[in-house]
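In the two complexes below, chain A is the common chain; its partner is chain B in one and chain C in the other.
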Partner chain A sequence: MTRRRLPEWLVLLLPAIIVIAAVVLIPLLFSLYSSFTPYKLTRPSTLWKWVGTYNYEKILSDAKFWAAFGRTVLFLTIVLNVELLLGLGIALMMNKVTWGQRTLRTILMFPMMFSPILVGFQFKFIFNDNIGLVNNALQSMGFNVALPWLVDGKLAMFSIMFAEIWMSTSVFAILILAGLFAMPRDPLEAAKVDGCTPWQSFRHITLPFLMPFIYIAMTIRSLDVARAYDIVQIMTGGGPARRTELLWTLMSRTGYVDARMGLANAMGYVSILLSILFTIYFFRKLSAARAELGMAG
Partner chain B sequence: MDRNQSHRNRRRVLKTLHLTALFLTMMIICIPGLWIVLNSFRPTVEIMAKPPVWVPSFTLDHYRAMFAGAGEGGVPVFSYFRNSLIVSVTSTLIAILIGMSGGYAFARYRFKGKNGYFVGLMLFRAVPGVALSLPLFIVFAKVGIIDTHFGLILAYVAMNVPFTIWLTDGFFRQIPKELHEAAEIDGCTRWQAFWQVEFPVARSGVASAAIFAFLTSWNEFALASQLTRSVGSKTMPVGLLDFTAEFTINWGGMCALAVLMIVPALILTFIVQKHLIAGLTFGGVKG
Partner chain C sequence: MTEVTLSKVVKKYGQHQAVHGIDLDIQDGEFVVLVGPSGCGKSTTLRMIAGLEDISGGDVTIGGRVVNDLPPRERNISMVFQNYALYPHMTVRENLGFSLKIAKRPEQEIVKAVDEAAGILGLDELMDRKPAALSGGQRQRVAMGRAIVRHPDVFLFDEPLSNLDAKLRTQMRVEIKKLHQKVESTIIYVTHDQVEAMTLADRIVLMRDGHIVQVGTPLELFNRPVDTFVATFIGSPPMNLVDGVVQGETIVLNGSISVPLPVTAGPLTNGQAVKFGFRADNLMPIGHAVEEEGAVHELDLSVTLTEPLGTETLLFTNLAGVEVQAKMFNPRPVTPGEQLQFRLMLDKCHVFDAKSGQAVRG
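Presenting the complex of A and B:
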């Protein structure tokens, strides 16, 4: 036999590699190329004009882009931290419950099944300044106000964050809860005997044990942070007056509404890099935490 | 005696606080969803009423309009539902097959640059749908598979494969190597050993990966909104937009479609919820 056979692992991996190359890699290479051209959907011939780094220079010197970029990073930082803290709190509370825990856990999984776009519509409805649940409730309680939840810049940002946090906190809560279930009882009891306060035993025993679970949750979340696009797009569309414009809505507006694909793809690359940075960061944390627990594969 | 009493009081206060906090949390989680369900059964006049009507009346108008396809704007819900179902189920099945073989490769074989391949695959999952949708739209349009089930299925398979690999890899790794070695000694081929010995053991992991893949495709919007144009291929998340006009939104109709969208996901998740949690944690921690 002179013909070399492919190693088995490669044969097994090949379908995955082919699909991903066809659907993700090739389009990404194409968009990398087009980000160096003034490509406009309406004028296909512009695809063949090379303008070098013009698009990148343009977005890097664009105040609107930087505002959206900063807002996106701020948004992600706040949202991920709040989700983590709330998730941890909920998990600790649920762990103490002795009765009906399964039902509670089922309820907790509820938001995970919602489509992000549905969450967007749902909260657009609830925060509607005229017929929304929140304002109706406020008015029925006697406050004579109609807060412009989605019209005022700051309130709109708050509403969007609320929606995002509502949707994703349960991922953290459920994973951390699973960690709490898996935790051995002995160290905690030993700590109690030795006279640790509840805070001390939480800080030095529970939390380190939960770390890998927290990083799994973070990694899973960081894989699709851009889901927030659906919510923002539906709730405010980046408005009012670009007050809630995130990187992703700015990109889709540039690409689809203004049809400036080259420019939009350049922005796309910045957002891809941002996502990848988030993912790599948490992946490394995850493997470090695993190694610490001696669970490395 | 006195100290005992105060201790007991403190305990009681803490317990009440705990239960109240838990109750509030559960309320915040439940109310938005319930509000949607409730409103799908209320007449539009009542939804729009000012001052608000708190005692709901019951009507099936929105569902009737939706299923008759002749409601305001005539949203073809059945087609959307069918499209969603076809696309999600097919892409899940394909993604599971491809992902499983990939996960098996990572769990069972040693090769150069394994970690590199793994992280590389995961990074493709991190590419935001919006950023991908721009070039994918152009490429699919050139190939001529835009606005077809096939195009969308292909996109979702690629989206779901990395995560499926991650989860199944963790599960296959938990299965001792001796299991398939013993089967091979007993005369199974590697292929038979996999399907008859290892697959049944890893089934719950595969199930949880399948649920995640299904939910992702069922709920995806950013890609679908660009890759589908007509009734023949639009999925339900995209169909939701049909209820919005320039300045008004048909809230009742939208809520009805939303309920239709949640119910299958809900049923499916309840059936396999145990696997779901196990899958995520084991896949991640041990992987």
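Presenting the complex of A and C:
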């Protein structure tokens, strides 16, 4: 009698399957399940009570959630676009630098080396309305104002965006610079001979070539920014009075402060849609841009 | 009328001087080929004419206008690059029409010019493809098409065929020549391949180390090379050169074999060290030679190696200790080691001064 043996491919894949199941699949299924329960961390027994789609219905009619959702989309849109413009500008200038470019490139990466928590603290200090650098600078320049940078809703959003942009513009700059390095010189020279002004060369030759690199940066950063949490948490904690509440600060408040884990998980599943949509959108754009350049596949 | 004139044109990269004050007059409608080994400054010269490199000294004029400080777009030139330099994100049609679109020409005119160029180069089938979907030869034709749609005053070709395989290169060479007959524009063409230079040029400009060595028609360069460099660069196989010393009416080659002085040789002094040069075509085994008028010197040489080429066979042999090549017409099989009697066509031989390398000619 021969013993039934697992097929070879399964045996070989088993370690990977086990690891993925343990760290990804099971937590994912658990959180999905708990989003259908009124699970509260303080009352573990609630985990076994099935409430169907109650949490989801509640979220969809919750103005606070949609406010945070909209704010996150706005945050994403502004931050990504500003980072793209600044990063593109920096990369184009860096590409012209002939002396000390390596050093500059390293310096450019510095903001990325800091923990977002520290960046948050730093900007919390810079934008502090009493002792902050910005207000002090304004006052010593003769403006007799103390702007409530982290208190006023709009100013606080601006301050957080500023910190986020400061920290991560170099992601765009580095990726676009890599694109510029990879760019063949010949088409640019051909464009010059064909009668292009520098701006036309950029618009018709350089930019189309950079688009795949820009979309890669966009994809990476959209996932990154959509889960913005640490800087916001440190600088304003989503406040004051929820004026800077983003999806993830709302979720963590719901899950850990209010201890309503089931509801928080449901929010997570709704907001993940946002990330998925952005990713699909940018990946489509990326494939299209690559196909444009004949790099499809 | 578009003459191109270079006067005392210099290119410096910091301390390094790449082009040393060259002078050149190119006539309207002329096909001029700049040829030379890599690093001789031919591409740099072309790029200065195009406006892609700054001119460090001297003047470049196109159609009587000094263009030193004009950007490429104001020089009314077209350039075909070695790597084709097609715009990868545009279709063939867009590539061809790009320069006209930039110049804001009316749509109908663009369509007409593009279709015309496509017709000349046989690109009609490929108009909606991207460059990535084209073969090397097709890309090269698109690059040429892009150059002709603008009806420029001057065409510049920068080693356009060196990325193609041998067969395609021969084919494209013919197409370029036909193109020149059609458009009748001035063409300046850079290559390192002397065959391309010989076959295409009205005039060849042979360069070395940033200097012009010789300017002339292909046959002038072939038949009357000014020095040993030209003699060995132009022609395939390269001219045979053997060291010798003048003794009276003969040259003693490497102290062993003596041959009569060619009548074409200029004034030489007794005892002068020279290089004796002759092409493989002018050393032929008896019975397999092309009958020609003129003085003949006969030599017994043994063959060391053969290269059959079909209509002729290249014979490697040893003349006064130097390996030289001879040509056998209407060839028969030859085994290495075989002793043959050769005819050396003395009237076609060259004598160069050993020290300066300059030709000594009457």
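Simple rule for what comes next: the second predicted complex is superposed on the first by the 268 of 297 C-alpha atoms of A that agree within 3 Å, B and C clash if a C-alpha of one lies under 4 Å from a C-alpha of the other, contacts with A are read in each partner's own complex, and residues count from 1 in each chain.
Going forward, a residue touches a chain if its C-beta (ideal position, glycine included) is under 8 Å from a C-beta of that chain, and two chains touch if they have at least 3 such contacts.
Computed from a prediction, not measured in an experiment: that's the story for all the values here.
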{"item": "First (chain B), second (chain C), both or neither touched by A:E57", "value": "neither"}
{"item": "Chain B or chain C, by number of chain A residues touched", "value": "B"}
{"item": "Partner chain in contact with A:I26 - chain B first, chain C second, else both or neither", "value": "first"}
{"item": "Partner chain in contact with A:D258 - chain B first, chain C second, else both or neither", "value": "neither"}
{"item": "Which superposed partner A:L223 touches (first chain B, second chain C, both, neither)", "value": "first"}
{"item": "Touched partner set for A:V193, first chain B, second chain C, both or neither", "value": "second"}
{"item": "Touching partner for A:P208 - first (chain B), second (chain C), both, neither", "value": "second"}
{"item": "Residues of chain A contacting chain B in one complex and chain C in the other", "value": "295"}
{"item": "In the complex with chain C, residue positions of chain A that touch it", "value": "184, 186-187, 189-197, 200, 204-205, 208-209, 292-295"}
{"item": "Chain B partner contacts - residues on chain A that touch it in the complex", "value": "7-10, 12-13, 15-16, 19-20, 22-28, 30-31, 34, 41, 90, 93-94, 96-97, 104-118, 121-126, 130-131, 133, 136, 139-140, 166, 170, 174-175, 178-179, 182, 212-213, 216, 219-220, 222-227, 229-230, 248, 251-252, 255-256, 261, 264-265, 268-269, 271-272, 275-276, 278-280, 283, 286, 290, 295, 297"}
{"item": "Chain A partner contacts - residues on chain C that touch it in the complex", "value": "50-52, 71-73, 77-79, 81-89, 98-99, 102-103, 130-133, 146, 150, 156"}
{"item": "Residues of chain B touching chain A in the complex", "value": "18, 21-22, 25-26, 28-33, 35-36, 39, 47-52, 54, 97-99, 101-102, 104-106, 108-109, 111, 117, 119, 121-136, 138-139, 154-155, 157-159, 161-163, 165, 173, 215, 218-222, 226, 237, 240, 249, 251, 254-255, 258, 261-262, 265-266, 269-270, 273, 276-278, 280-281, 284-287"}
